[in-house]
Amino acid sequence: MANIFKRREAPIILFTIVLFCIFSLISSNFLKPDNLGLILTQITTTGLISIGMLMVILFGGIDLSVGSVLAVVATVVGMLVNAGINPFVAALIGMVVGAICGAFNGLFIAWFNIPEIITTLATMFIFRGIAVAISGGEWVTNFPDSFNFFSQGKIIGIPVPIALFATGAIMFGYILSQTRFGRRVYAIGGNKEAAKLAGMSTRKTKFLVYISSGMLTSVAAVIYASQVGSIQASTAGSGIEFTVIAAVLVGGASIFGGVGTMLGTAFGVLLMGMIKNGLVLTQASVYWVDATTGFILILAIIINTVQRSRNLASREGDLV
Amino acid sequence: MNLVKEEVNTRLKRLPSIKINTISILVILLAGLLIFFSTQSPYFLTTLNITNVLVQVTTIGLIAIPMTYVIISGAMDLSVGSILGLSAVTLGFLYESGTNIWVSVVLALVVGALAGALNGLLIARYKMQAIVVTIGTLVMLRGLVYIITKGKPISGYPDSFYFLGQGKVLGIPFSVIVMMALFSIAYILIKKTRIGRYTYALGNNEEAVRYSGINVVKVRFLTFVMSGLFAGIAAIFYVSRYASAQASAGDGIELDVITAVLIGGTHIFGGRGSLVGTFLGVLIIGTLRNGLNLMGVSVLFQTVILGVLILVAVSRQNK
Amino acid sequence: MKKSFLRVLALLTLVLGLVACSNQGGATETPSEGDTGGDAASTSKSFFINPKSIGPAYWAAAEKGVKQAGEDLGVEVVFNAPSTTDSAQQINMIQDMLTRQVNGVGVAPNDPEAVAPVFSNALSQDVQVVTWDSDAPDTDRKYYIGAATDAELGEQFAEMIANQIGGSGKVAFMVASLSAQNQTAKVDAATAYLEANHPDVEVVTTVSSDDDQQKAYENAQNLISTYPDLKGLVGFAGAEAPAAAQAVEEAVNAGNIEQGKIKIAGFAVPSLVKEYLENGTIEEMVTWDPSKLGYTTVYTLNLLTDGEDVEDGMEIPNVGSIKVNGDIILTGTDVLTKDNVADFGF
Amino acid sequence: MYQMDKPILIMEGITKEFPGVKALDGVDFELYPGEVHALMGENGAGKSTLMKILSGVYQHTAGKILLNEEEVTLNNPTVAQELGISIIHQEFNLFPNLSAAENIFIDRKEIISASGKINWSRMNAEAKALTESIGADIDVRREVQYLGVHSQQVIEIAKALSFNAKILIMDEPSAALPEDEVQKMFDVVKQLRNNGVAIVYVSHRMNEIFKIADKVTVLRDGGKVSTNKITETTEDQLISEMVGKEVGDLYPDKTKRIFNESVLNVNDFDITSKHKVSFSLRRGEILGFFGLVGSGTHTLAERIFGLKKGKGTVEINGKSILIKNPKDAMKQGIAYLPPDRHRQGLVKESSIRENMTLPILKRISNGLIIDKKAEQVINEEYIEKLSIKTPSQNQVVNLLSGGNQQKVVLAKWLTTKPDILIMEEPTRGVDVGAKAEIYRLINELSLSGLSIILISTEMPELIGMSDRILVMNEGNIVNEFKNGEADQQKLLKEASNSIDKMVV
């Protein structure tokens, strides 16, 4: 039991549970299965993007371009679907486009060694421009019904978006914690020099991470397009990077890299989604929503920090 | 003896000249833009237009000053836009509820500084990660703005107040004079005083500064208070110039500011950078926007051009 | 040193090359086509038409009307705005265009108060100023061009939802922004109208999407879940109604609510709600064509710069007859149903 | 003793050129299985370049490397490791965010099962076995950032051992180890040697070389000076080979020293809430502190300097003072030279000038503005006083040699004109020539009336420099040795005895 509390995810899990209880007490509708399903559906886009963001943050980087990548992919997929292409084929093409965007980031970051924040700040602008250019500034909308599969369809009784997010989270959770590739991500984030000496290729690993991040974002984009039903390239996904980064960091990851888990991130995403849903449900004044969200965020960060410093205090040989 | 080191020596001795290069590259870039735009638009190189550009960059310029300090010291402040909004509506709210305009101005500055102090407290004193904390305050303070205004812009200020953002002294807009003056003061502070030394040292090796008996917490705290205060100053000029305190004031400005600072050659990981560079970075962004506007280039292409500029201009910042 | 100089050169070339390219490819500027019209005298005129932001499809639709007018009237029009609905950047841009010595500007202000100084500045340079889509009544603008006044629209929305839900029950308002004046004015008018005429209709809350479609969609989902007895959703901006319809349709498909239990009213862009009108999720909506607003704006500016004026009931080509009420020009609204949705070209 | 005739490794005429400079010039080096071959030389002599070539980090520009009489190309560290060449770097190359076991086995095929999953239980078990084989008891599941320095070193050694290394390069392996662990490490080294592993032992520490090495090779200025059997050389000879000239006695003469009043009295001063110490320091005295890692010597220094908070006051010149932060300490004339100059001592990207005046900027400012002139004068003064070798005071500290860097840190604290100077590990990572100079400086300072607390894990240094030595063990001062009383055995015994036995 004591070990559970030492885990890095402990505070965020605990905090999520407490908040869950508070919302349940305030609003009777919160605990309804429908609503819980709703929360899960709503977090799928941010959730999928946060998986890639977690890996990027594990490297000590940050990706500001995810919102723009989402816009590019959603626009492309939407236009393909409207051009009569099978939604699944369109989604696959979308993933290729996402991978190309990721590769573009990865190229500048891993090969040309330009810091992540600078590269992605630039590509945030560039991809957004490309997305609008592709769309011609018009709404991409009126998708055929078959495209609804990605938002309303079910796989063995589970809504598709939730199934996709769960698959992504479990898959990458496994990769990160159990495979050589995943441990490389942690190792490089923990100590880049040591990783090089141990013969790991930082470039290759980083490049792969950005490609996977691009692909995960494109899956999110497909769900987004199907859920929302109409895409406006200039605003689709704009600002989502902050929500995603906040979710990953609230989930216990460190901006300096090397620290963070899929479990923590999933809870971070869940927490963010719960706040958004809960604040509407508790019928709080609309003007209070942002302030309360920010306050809860800071509270979560404080709790994380307290736990981290307590862990450090128990460091071996504190008498030196 | 020390053959290898000497070799490294000769390579690294060029460090100072690299620094000069950064500035000269920026100057050449700015000059290139000026020449290009003046060939493209007859209205570009007019006194009126140049004044315009300078007035337009005051908001970004004012906030870029402390941002340079914050980034050099190895941190980051994403909440400046929200602080600007908060100070702006505080000013409007206080004046609307009967407070003297100048008292309101002072109190708005205090609110800005206090918001910065909140960041500083969490980041400097409690060692929380700057990006995380300021994303949190970004959301929270913007929320506060909406609570105060309920979304309605607050306008109708006395004429004397409009002088700040719209008045001129000897033909030069007052806000531009203030920005230049603050840039100069900040330049002297960072170049010639111990505050500047501490800021650079903090960005390079915080531990060593602490072990030198310097109150690291205080220095870092001050950079964030300064950041809040300057966002407050920017807010005053914003309200005065636009005659209105709107809830969305300053939304998203942090990216513009950080872009300007980075283009100015300040190193994203701290320890290196200069205010001259930041000033040039601000001017480059302002000139680019203005020139492209005059040419009637759509903002969509403008953002793409800005993106490419960042990628190319800042790519020298290898890790 | 030599190397870095080359680097700067390369950088400059790249950036300026891009600028040049984008200028050529920039679809925003319609060069005057004086040779086709033969109206050579007016070719030197140029107008700056400034929406709230660039990118949203609503404005893209408006841009079509603006360009059409530019072509028809043989004037140069520049259609541009910041990429976000940022008041400060918008004003900077207006100022830049005044430097360019345009003859008239048409602005959809993000902050109606903040544009006052730049408008009086324009006037002092003999530049004609009108507002469109969103008004700034306390400024020196000559005319406001809208489909209807915000108050009228708010009341129209209110009447429409009250009608659909049978005059009593809970409704929720969905807006694009909590701080945009044209949104809040409509909300205030609608609330007042309901209080006065349909006291049994209760407005439970107002939610904002910040112009983000996903947020609008999630807002609608959360509203449906929060208020089990909700009877109506009112969308005050283009992205709200389709998002509401999408959420309602999903809830119906999932069996959470009955078909037709939640009605949707408000403003809609026809192409966005086409399928929902056709499948019955939406019965009727208020709409207007932003391209008509754009066209009328350019047309009005052209008249003003020629020293003429608009008149009540005058016919504008491609738009129809307009209503002029003091300094307000109205192009009128349409009620959108599944029967006429196909007739709208936007 | 296990000794084979054929060399496992032959390096012939190894030359390494960096653009414009020769770092190594035709060095020959032979290594036999089952021998400990010490590699010595001052900083910059080429030791690390040679070892980096051997471990595949650098590639030589001329010469060849034969492994078991076959020529090999070592183009990256992985190749070297696969050929059985492992290196333990002086600076830890650990992943602080990963567990001890993962650090040992990171990125290794052996611990990955057929399905591609990491076999955690096998990895942990093997890691445990490896660390136990070196006599260490570590929770291998714990993240390295929560482990102490000595455990981290053990992990480094275990990592190298896990490769079944035939050639093991140890770069200053004892630098971070406490004395009792050094003995354990020697046992491991001997064990490895008996198993036929060839060990290259890079060290500055003479006494270690003579204890453990079979052969010793000295490098100077990128070339080889000599290779000798350890039995056929002496300490003096090695030193003169390394510096190229005779150096006098490392330690100054201590006979004519007199002390008067005490300047610092520490009574019942908290090290932790459980441990209190009392001692006093007299004017002009060099008071040595010896303790193993974790004994509390470092905490004591940080407490007196106000970097760590705690209870208890100190008495300075008869006045009782509460020190809450470094500012308070500096006001009382206390200065503290920290043990790790890279992390704690220097802002390495800044110039000498900026580093030296960092603690006294307030004093040399007129109002807010720094008096550049005064700053330059102070710099000139101390560069000369400490004979820091640099072309200018604007030189970036990064570019100085270790000895000169350490002198800059020392100068930085001398500019504060302290009465009491606490020095921790003042000669760590500094070559012999610079060491002698620093010792001379310390002695001069004490003769001019400066009271010095010298905390060190290097026993010869303490014995050679101190007027008195206090030994700390588990947060308590357990014994005091007057000048001439202490020797290495006694110090180590007091420092490593369990407290229970001490309380008689």
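A, B, C and D are the chain letters, set down in written order, and residue numbers restart from 1 in every chain.
We adopt the following convention: a contact is a pair of C-beta atoms (placed from the backbone, for glycine too) under 8 Å apart; a residue touches a chain by one contact, two chains touch by 3 or more.
According to UniProt, the chain labels map to these proteins: A = Autoinducer 2 import system permease protein LsrC; C = Autoinducer 2 ABC transporter substrate-binding protein.
These figures come from a predicted structure and were not determined experimentally.
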Contact network partition after chain A is left out of the picture: one piece
Of A-C and A-B, pair with higher C-beta contact tally: A-B
Farthest chain relative to chain D (centres taken as mean CA coordinates): C
Chain centre separation (chain A, chain B; CA means) in Å: 29
Cα-centroid distance, chain B relative to chain C, in whole angstrom: 32
Where chain B and chain D are represented by their mean Cα positions, the distance between them in whole Å: 44
Chain C: positions in contact with at least two other chains: 54-55, 83, 178
For chain A, residues contacting two or more additional chains: 128, 132, 137, 234, 287
Which pairs of chains touch, using the document's own definition: A-B, A-C, A-D, B-C, B-D
Contact set on chain A toward chain C in their complex: 27, 29, 32, 34-35, 38, 41-42, 45, 128, 132, 136-139, 141-142, 151-152, 224, 227-239, 276-277, 280-281, 283, 286-287
Chain B to chain C touching residues, read off their complex: 17, 21, 25, 28-29, 32-33, 36, 40-41, 43, 46, 48-49, 52, 56, 59, 146, 149-153, 155-156, 162, 166, 238, 241-244, 246-252, 289-305, 308-309, 312-313
Interface residues, chain D side, partner chain A - complex: 57, 76-78, 81, 89, 93-98, 102, 106-107, 112, 116-118, 142, 145-151, 271-272, 275, 293-299, 474-475
Chain B contact footprint on chain C (complex, rising order): 1, 4, 7-8, 11-12, 14-16, 18-19, 22-23, 25-29, 54-55, 78, 80-88, 91-93, 95-97, 99-101, 110-114, 116-117, 177-179, 181, 184
Chain D residues touching chain B - in the complex, by the definition given at the top: 18-23, 42-46, 49, 221-222, 305, 307, 325-327, 329-330, 336, 338, 343-350, 354, 358-359, 361-362, 365, 368-370, 372, 396, 398-399, 401, 412
